[in-house]
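Shared between the two complexes below is subunit A, which pairs with subunit B and subunit C, respectively.
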Partner chain A sequence: MDVLIALWQGILIALEPINLGLAVIGVVVGLFVGAMPGLGSVNGVAILLPFTFVIQSFTGGATSPMIFLASIYYGAMYGGAISSITLGIPGASTAVATTFDGRPLALAGKAHVALVVAALASFAGATVSNLLFTGFAPLLADVALSFGNPEIFALMLLAFATFVGLGGDDIPKTLFSICFGLVMATVGFDIISGEPRLVFFDLTGFTHGIRFLVLAIGVYGIGEMMWTINTSRTGTNMSKVEVTFASVVEAIKQFKQAWRGTAIGSALGFFVGILPAAGATPGSLMAYGISKMTSRRSAEFGKGALDGVAAPEAANNSASTGAMLPMMTLGIPGSPTTAVLLAGMVIWGLQPGPLLFTDQPEFVWPLIGSFYISNFVAVAVNLLFIPVFLWMLRMPFTILAPLIFVLSLVGTYAAYMDMFDVWLMVIFGVGAFLLRILDYPLAPAVLAIVLGPIAEPKLRQSLLLSDGDFSIFFTRPIAGPITVIAILLILLPLLKLIRDKLRKTA
Partner chain B sequence: MRVAEIVTAIFLGVLSIYLMWKSGEPPSWNPDVPRFANIGFIEGEGPGSGFWPFWLSAIMLLTCIWTAVNWYRRLTPASQSSEQFLDGYGKRMMLVVGGALFGFLALIHFVGFYGAIPVFMIYYMRYLGSHGWFLTFTVSVTLTVICFFFFDIAMRIVLPKGYLEPLFIPLYNMFL
Partner chain C sequence: MKSIKSLLVGAVGIALAATSLSGIANAGSHGWEPTKPVDFIIMAGKGGGADKMARLMQAIVEEENLSNRPLVPTNKSGGSGAEALVAAKNATDPDHTIMVTLNSFFTTPLRNPGIKVDIQTFAPVGRMAEDTFLLWVHKDSGITSIGQFLTKVKAEGNKWVMGGTGKNSEDNIITDHLNKQYGLNIKYIPYKGGGAVAKDLAGKQINSSVNNPSEALGFYEAGTVVPLVAFTDKRLPMFPNVPTLGEVFVGGKQAPWAYYMQRAVVGAPGMSEKAQAYFTDLFTKVYNSKKWQAYKSKKSLMGEFMAGDELKAYWTRQVDNHRAILKASGAIK
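Then we have the complex of A and B:
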């Protein structure tokens, strides 16, 4: 009851005109930033962090600036789906999985359906996550605390295993793609020993490593566009979509077909989101994989399944709230964006950690209240702007393609301020296009370059702990079952092959 | 497509071997350390710096061999296909689109983003898209102006301007 009273008071503070106004502005900015290829929630939050000092000087507290940044985070999670669906380019790594089915739906003239399903699944995921956050915060914080290095590495392994076991692509090519992404993630300096690694041709540009966006925009911006130009050939319109109020209402009705993906994504996303250093990207990919694995219509995945859009979108929104939990209760960020938010809290004079809920309730509960408010604002703004997003699809391809090329180049530069990265991105893009012709799946490489910097230290620290004994991943009560499931998933195609051969011989 | 499949597998296999070789490189400040000393478990330190990339590259090499075996046994669609890897349209597209992208990149070093963006847009829309001059100019100029106000003014992300830098000083004085 105390929690409900505190939450209600928090919501009332979040509904004060200044905070509500900041939430609306934050969501709109977040939607735009999230939808722009090359800019994600972390860019938006990081770039706008200095602006919050202006807000703090007006309001005098840390609550309003934090509400503003959290709203950007929310909006960006919704916005990532917009570019995934309409342009086929994930606005952020969290929306990579949305591309798998969102893009085929858009190409089939159902972009409005995909956008509505993405918005409603995001709303459902965030709502479930908000309720879990409010009700079970202390308990879930304990669960997250019990995860050590072997458990987190096992979880990473599971994320990769879903691609091998459930991806449906050529297995050696999928494995190559995963390993290539992981190796590219090691370029630069080894953070444990401090030794330089894989600095090709002694180019200084490689010393800072190959960033996620360089590979992601190369693959999904340049490579995707070249692939589309090469395969579409007509060069007129990408697709024609009639959007009316009735069609959006009809799309809302179709959302009930995506309840499974939404439910899986909402629950799984929150759980993965609260794990330190996991976050929305593995959450969305795992939700997609599990939805596909458990679906009776798994063959439709990758071709425009509504569950395939709903699961990752529900998961990434759910995970974004989940990631706030260890950040606020333990001082451990669950994602890069929450790391920036954590930095903001420290700058504003707050001490994130277990005592925050008891020492600073006037900060915590309005912030949690703003999660609920921002969620309503985000879904409303998102649904209202669907015709604007679909307008992008009606553009002749000879206008859309150069626009995407320009946004990809500008976005890559804006993210890192380094022309070396822009050159590298274009080279990756052309390479991705050529590999795609030969059926090399590229999404696993993009996932791997995101998770690589997390997975490697966890593996090495685990092995240091066990004195080089790999059994540490099998003998611990939580890591063991996760590792076994991951190995079974990796072996799944082989088991299917054996089963098919046995059936043929029988 | 069949030739491209095996050529690509060989190329990626060679790349994997290079990555294995490169992963075992000793640090430049300690050349006495033998190559590949860092790919195993170092007592008291745990796995060395080359452990993770070396063994991943080794898996990459194995997957390339696996792909080559699949190619030999004609198990994959690409290894069975008699289609061209890139037909005439694809080759032309690579040249006019891929070439334009590298031209765009090179141009940025001389005239910056705000000089290269309109040139690229005009090339693409007018030359490849055959759009009218009015639409081409409108889109090119609008995009450049939006990029400037969004990145340079609102977000304070200064994009490179090359030799056009002096032209932007009055705009900075006006808006910043």
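Then we have the complex of A and C:
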């Protein structure tokens, strides 16, 4: 009951005109930063961090600046889906899985449906996450603490398992794709031994490792565009839609077809989000994989399934709120964006950590209240802007293709200000196009480069703990069951194959 | 499309205006002023101690209008700072490139001669503090003193696990020292950052850590973790009941040993003298600001401001010291 009263008072503070105004501005800025390929919430929050000192000098206290940053974070999470759907380039790393089905929907003339489903699923994910956060923050902090190295590795193994089925029926090609991604993930300095690995041609650009966004924009921006040009020489086959507010309302009604993906994404995203090592990108990819695996219409995934848009979008919003939990209750950021938020809190004179909730309730509850408010503002702003975003689709392909090319280049550069990344992105794009002609699935490679850098150190830290004994993944109470489930899922396609063979011979 | 573009331009414009407007008033008496945003390299990942400190410095510069151009932080954490060192060495505009450093500034060039970095070519802008280290255990371990710790760890053999940031890093050096000095066999597991180590100690995934006070403070204040000993010359004002290693008697003998981490700002190799003077002046102001002094005492940081030749001499001592430590542990030949 105390929680509800505290929350209510928090919401009232978040609704004060100055705070509400900051939330609206933050959401709009975040929406556009998120929609720009390459720029994600981390860039938006980092760029505007200094601006919060101006806000603080007007309002005093840390509440209003934090509300501003949190609403940028929210807006960016919604925005990431926009370019994933309309242009096929992931707006941020968290929205990569949204392109898998969002793009096919757009090509089929249903971009408005995809955008509406993405917005509503995001809203649902964030709401579920907010409720869990409000009710169980201290308890969930203990859950996060109980996940050590073997547990995180088991979870990453589970994420891989959900994706084995994603590459289609050609298992050798899927395995090749995963292995390619894993090798790319080992490039750079190894944190366990401190030695450089796979620094090709001694280029310093390889020392920081291959950034996930570089591969993702290459594959989905440049590669996809070349594929489109190759398959439709006469121009785009994208159907043009007249979008009115009526058709948006019509699309809202279709959202109920995506309830499964939304539910899976909301729950899974939050859980993965509260673990400091994981974050929103693995969360959204896992939600997509599990939605596909458990769906009765799994064949539609990748061709324009509404669940395929809803699952990753619900998950990335849910995970983003979830990632606030270890930051606020443990002082440990779960993602690059929360790391910047944490730095902000330190600068404003707060001490995030186990005592934040008891020592600083006047900061915590208005912030949590603002999560609810920002979420409402974000879904409203997003739905209002949908007709604007759809104008992009009315452009003839002769204009759209160069635009995608330019956005891919600028987006890759903007993320880390590194020309090396831009060249690498172009090479990945051309490579992805060639592999696609040869019918290699690329999603598993993208997944591997996200999960590889998380899974590998956790595997090796676990084996250091156990002196090289793999039983550590089976004997620990939390890691054990997760590992077993993951292995069963990996073996599932094999079992199916054997069953089919037996049936044919029978 | 037009409206989207203009909105986007607007949003980016607001952001840029916000970051750059703040300092225009402060025009030059130094003879040299930055003519574009300054590249502010952080030699560690986001969220760690070095990152928080760098962002605090940036905030102080913004808030007090100390510079006419903003500092733009970029994290380059790869290879215990090797990525950052190489990036600074190859900077196209050394006058506009500065870097926040840790002790990996000394150890990484020693361990990776292949990166061909000579730290004496960097410009000694200013040392902002020296960070301190303490030995931490979980309160449920029942250990309350360094004496109990040594007895217990000796009995556990290599089952005792110490988590730390990176391989052959500050944390690794301290663990090696404990092993050698007291005949222990602690197993050291490298992590990506001090925050992850603090979390895993609180979650009892590891047995002990040698976190900086800033990294362990949250869990210390909550009573989850207990400090046993400080690796300093004198007791820390914030932890008056925690002895230094020098106060510990083992077999009737004392073995004083202190280890600090430099928190210094350096300029890229090739920085002009005028630019170096400008940045030394800038960071002197940051050092003397109320916010920095408050942060310093709250996070148990030591050390006075140091710049120029004095800082270079300090680097020489530190490099010699680290070469000896790394040789002794077998990390280098």
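Everything that follows uses one rule, which is that the second predicted complex is superposed on the first by the 499 of 506 C-alpha atoms of A that agree within 3 Å, B and C clash if a C-alpha of one lies under 4 Å from a C-alpha of the other, contacts with A are read in each partner's own complex, and residues count from 1 in each chain.
Keep this in mind: a contact is a pair of C-beta atoms (placed from the backbone, for glycine too) under 8 Å apart; a residue touches a chain by one contact, two chains touch by 3 or more.
Please read these numbers as outputs of a predicted model, since none were measured by experiment.
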Would you sort A:417 into first (subunit B), second (subunit C), both or neither based on which partner it touches?
both
Quick check on the superposed pair: does A:461 touch subunit B, subunit C, both, or neither? Answer first, second, both or neither.
both
Counting only touches as set out at the top, which of subunit B and subunit C does A:293 meet: first, second, both, neither?
neither
Touching A:478 in the superposition: subunit B (first), subunit C (second), both, neither?
neither
Quick check on the superposed pair: does A:230 touch subunit B, subunit C, both, or neither? Answer first, second, both or neither.
first
Of the two partner chains, subunit B (first) and subunit C (second), which one does A:487 touch, if any: first, second, both, or neither?
neither
Contacts of A:193 with subunit B and subunit C, given as first, second, both or neither
both
Do any residues of subunit A touch both subunit B and subunit C, and if so, which are they?
47, 192-193, 196, 417, 461, 464
Give the list of subunit A residues in touch with subunit C in this complex.
28-29, 32-33, 36, 46-51, 53-54, 57, 144-149, 188-189, 191-194, 196, 204, 207-209, 276-277, 326, 330-333, 336, 338-340, 342-344, 346-347, 351-356, 388-389, 391-392, 395, 416-417, 457, 461, 464-465, 467
Contact footprint of subunit A on subunit C as seen in their complex:
1, 3-4, 7-8, 11, 14-15, 18-19, 22, 45-47, 51-52, 55-56, 58-59, 62-63, 70, 73-74, 76-80, 82-83, 86-87, 90, 111-112, 114, 158, 161, 166-169, 187, 189-192, 195-196, 198-200, 202-205, 217-219, 221-222, 224
Contact residues on subunit B for subunit A in the complex?
1, 4-5, 8, 12, 19, 22-23, 25, 27-28, 38, 41, 45-53, 56-57, 59-60, 63-64, 66-67, 70, 76-78, 85-86, 89-90, 93-94, 97-98, 101-102, 104-105, 108-109, 113, 117, 120-121, 124-125, 128-131, 135, 139, 143, 147, 151, 155-160
In the complex, go through subunit A and note every residue touching subunit B.
47, 170-173, 175-176, 179-180, 182-183, 186, 190, 192-193, 195-198, 200, 222, 226, 229-230, 233, 235, 396, 398-399, 401-403, 405-406, 409-410, 413-414, 417, 419, 422-423, 426, 429-430, 434-435, 437-439, 456, 459-461, 463-464, 468
